[in-house]
């Protein structure tokens, strides 16, 4: 018989692992539950942060840039009455010119969406704002406010540099006389996004470290409780692999079990929370991942954590 | 010698506990670290949520209620020029009347702060809003907009019922002709606050359960690893207390140690995060508690968790 | 006085370890219990010690119905019994001194008196020089003698010894038996389970023989 | 052939357990090692087994320098040695059958052959009826016999037995010794550490006596 690891040994190691799992059912279950809770905490964090990141990303769409259209040039006979108020301002020729300008604006890199606000539209908006005191606007010329384009930026441009580059390009367009944007908002938003990234990373790393520590500590204690058994196996001439494999398999099995349990905990928690949290905010605990990815990921994480935890914990018992 | 628990026994139990702590230093340290990480996770959650709750509370101040002052009655000669624009509208008598009205508004339950906006002030605000197109307002009578009170509510009134009650009371005041408020905002804000409360509670309860579980499991494994020792003590005729006290003391000691360590982990984490998170958002991980409360709380939590964990874990080994 | 009336013991697995044992051991007696491996000697001692309950029968110890004693009184009772376990049952994380001292600590004996008594007990079993060793760095016979010291140090009313010389050389075994005789002469009831026929013959004390759980020579 | 040349062993605590031991045990020999408690018998066996290293001296086993064997080859070597430990070293969470089978599993013996051999070994030590018991529900002597079965089942090249009859009645002890003689007659080198003078006399085999770590009657 060679000193290596025969196929029978492997067979034994595997059946042993299952036997151990049965024998140490309580302990295995407890470490599985520890894995489950640790993974569940981690996942809750992940879910909340992914969701916050997602809304944060949609906030980017609020970054309006307003480009004002130059007065009098080719916008048709201004100051003359007769155009039906409420329709886009200007005769067909002017409309075509506006269309062309809109196309140019839309073609600017970083621009995602463009809405044209005519002079009449601008005035109507003001009138709405003065609700109850529309008197102020009596006799005011309908073209006293300029026409404009409201521009929504591509999310990737919602940062100080990106916005500035778009604004520069818009300013260079013939027919645009002024560009306004919320510089402060952009500044804040982009630093918030940076914060979210770092916060997620820091908290995530911290939780991962804590989880790994807790799991490997749990397994270390399990192994410690069975140090006598390990010693006996070594005395019987078992190779390192023969001793390690059952613990490894056991660790991985309770890790996978933990992953599956964490899924259960998460769904129970989601259900319980769903009954109390207003519908309006439920999105924050909504699972943003495909189910197979979530469950697969959790079980794989449990497997790796359990396996790695076993190997690390076994190290010190296998010397000499 | 009585069968009870003599003073010598107690002395022994305590010195034993310290001896055990020394003997099982590695295990004790590992459970202390487990406690530390669990408490640190919990505290990070708590801090972030307390801080979010705090800003959410300040958002409450944005819930403006605007009460418009009745036209023409006792506000002095309106429509006549000559009053210096920019000063609160009306002759001394009118000012006194406004002061009195303001006092009445301020005295309304739920009102925290009141700012008077004169007719001229309202017009100036509109003018500022129309920046670049002030022409619209040319020749407009300075009193075309009504004077008003901008009211900030007491935070405890920032919910649909609270706001409604304040609005009712304001409407009943003689001299107020209309009250406006952001009903939708109030609705959303109060449901957000409710969400925050429940979310904090649910996540907090979950984390507390997970922490308690992990700690009691760690201690259970520690006790399991020493079941032989416990058996021997019972065979020597040790009373339940004699056996329990050392474990209890040991559990509490490593719990307190864990509490202290978690403080270290938190400050290190705070320092590391502080170097990466933009200054603007640092508030979210800023410790909102007095230091003595935080450290005292963590150590007390460690003590209780360690003690409770030991007692629970010992239970099954002390039967018969 | 320890009295067994028709005591039966079947373990959970259905193994009958003791069958219809009726036996009286007087206060201050010295009794050997012998019989082949698996005869029920340890079971008998464990029942006297209260760590096993008989399946059937009655036991009186000093006139009290032993089986009716509430569990909370068991510790106090055990403090009056010294037990030399067949597998020693030493605590491997404590030193020899601490192991022996533990049985006095449990009784609430003060530190300085305990120290004196522990050192004396260790000198009786010739292990003063091993006081600060942990059990796993002792030879088998040394461990067994620590177990002897731990049982004797408390000056028990009853001494139960389960194969106390299995790991000792003949000279040391005789020395231990002399110790037991001395303890017995000071009033302690001594019950020794042993295979050592030479020892039994040498001491010529009353001997109870078990075979497959039955008393062979009842007294 | 096992050869010791001026072997010394001092434990970390400074206790000299073996002093200048020079000794040759031929392949296929049957040797008793005797001496008082703490003389160094177990230490000698542990050194042969490779679980303790000598402080000084040289050891040749089958001509190989034993102390130069790399640690990764130790398991293979141990699979050729059967060791009956003084404290049995059974795994309490496994049944008797599993405990005995483990030493075959480790060698990679197939399940069905292992089963046959385990049952045979258990019948040799008269424990077939305890195959599915866990060690803690066995009597002391029964546990010791499980340890004997576990060492014999692998048909070792070398059998080390440390006080293998300490918990056995004389008849059973003789039966075990007959087993050892039979194993020895099939070529196994047998080294038995024991206090049992009667046994040593009865078997009249070569006897090595240790006293305080020194050889008393060198051969």
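Per-chain numbering from 1; labels A, B, C and D assigned in written order.
Operating definition for what follows: contacts are C-beta pairs under 8 Å (C-beta built on N, C-alpha and C of every residue); 3 or more make two chains touch, one makes a residue touch a chain.
Here the structure is a predicted model, which means the values were calculated and not measured.
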What's the minimum number of touch steps needed to get from subunit B to subunit D? 2
Farthest chain from subunit D, going by mean C-alpha coordinates, please. B
Highest contact count belongs to the pair A-B
Between subunit A and subunit B, the Cα-mean centres are separated in Å by 25
Nearest whole angstrom, what separates the Cα centre of subunit B from the Cα centre of subunit C? 64
From the C-alpha centre of subunit C to that of subunit D, how far is it in Å? 29
I'd like the Å distance between the centres of subunit A and subunit C, where a centre is the mean of that chain's Cα atoms. 69
Note: subunit A residues in touch with at least two other chains are none
Within subunit C, the set of residues that touch 2 or more other chains is none
Category of the chain touch graph - line, ring, star, complete, other: ring
Those chain pairs meeting the touch criterion are A-B, A-D, B-C, C-D
Under the touch definition given earlier, write down the residues of subunit A that touch subunit B in their complex. 27, 30-31, 33-34, 37-38, 40-41, 44, 126, 130, 133, 135-137, 140, 144-146, 188, 191-192, 194-195, 198-199, 202-203, 206-207, 209-210, 213-214, 217-218, 220-222, 224-225, 269, 272-273, 276-278, 280-281, 284-285
Across the complex, what residues on subunit D touch subunit C? 11, 13, 15, 34-39, 41-42, 86-87, 133, 137-142, 145, 162-163, 166-173, 195, 197-198
Where on subunit D is subunit A touching in the complex? 49, 51, 71, 73-81, 83, 85, 89-94, 98, 102-103, 105-111, 150
Give the list of subunit B residues in touch with subunit C in this complex. 1, 3, 6-9, 11-12, 16, 19, 23-24, 226, 228-229, 231-240, 242, 320
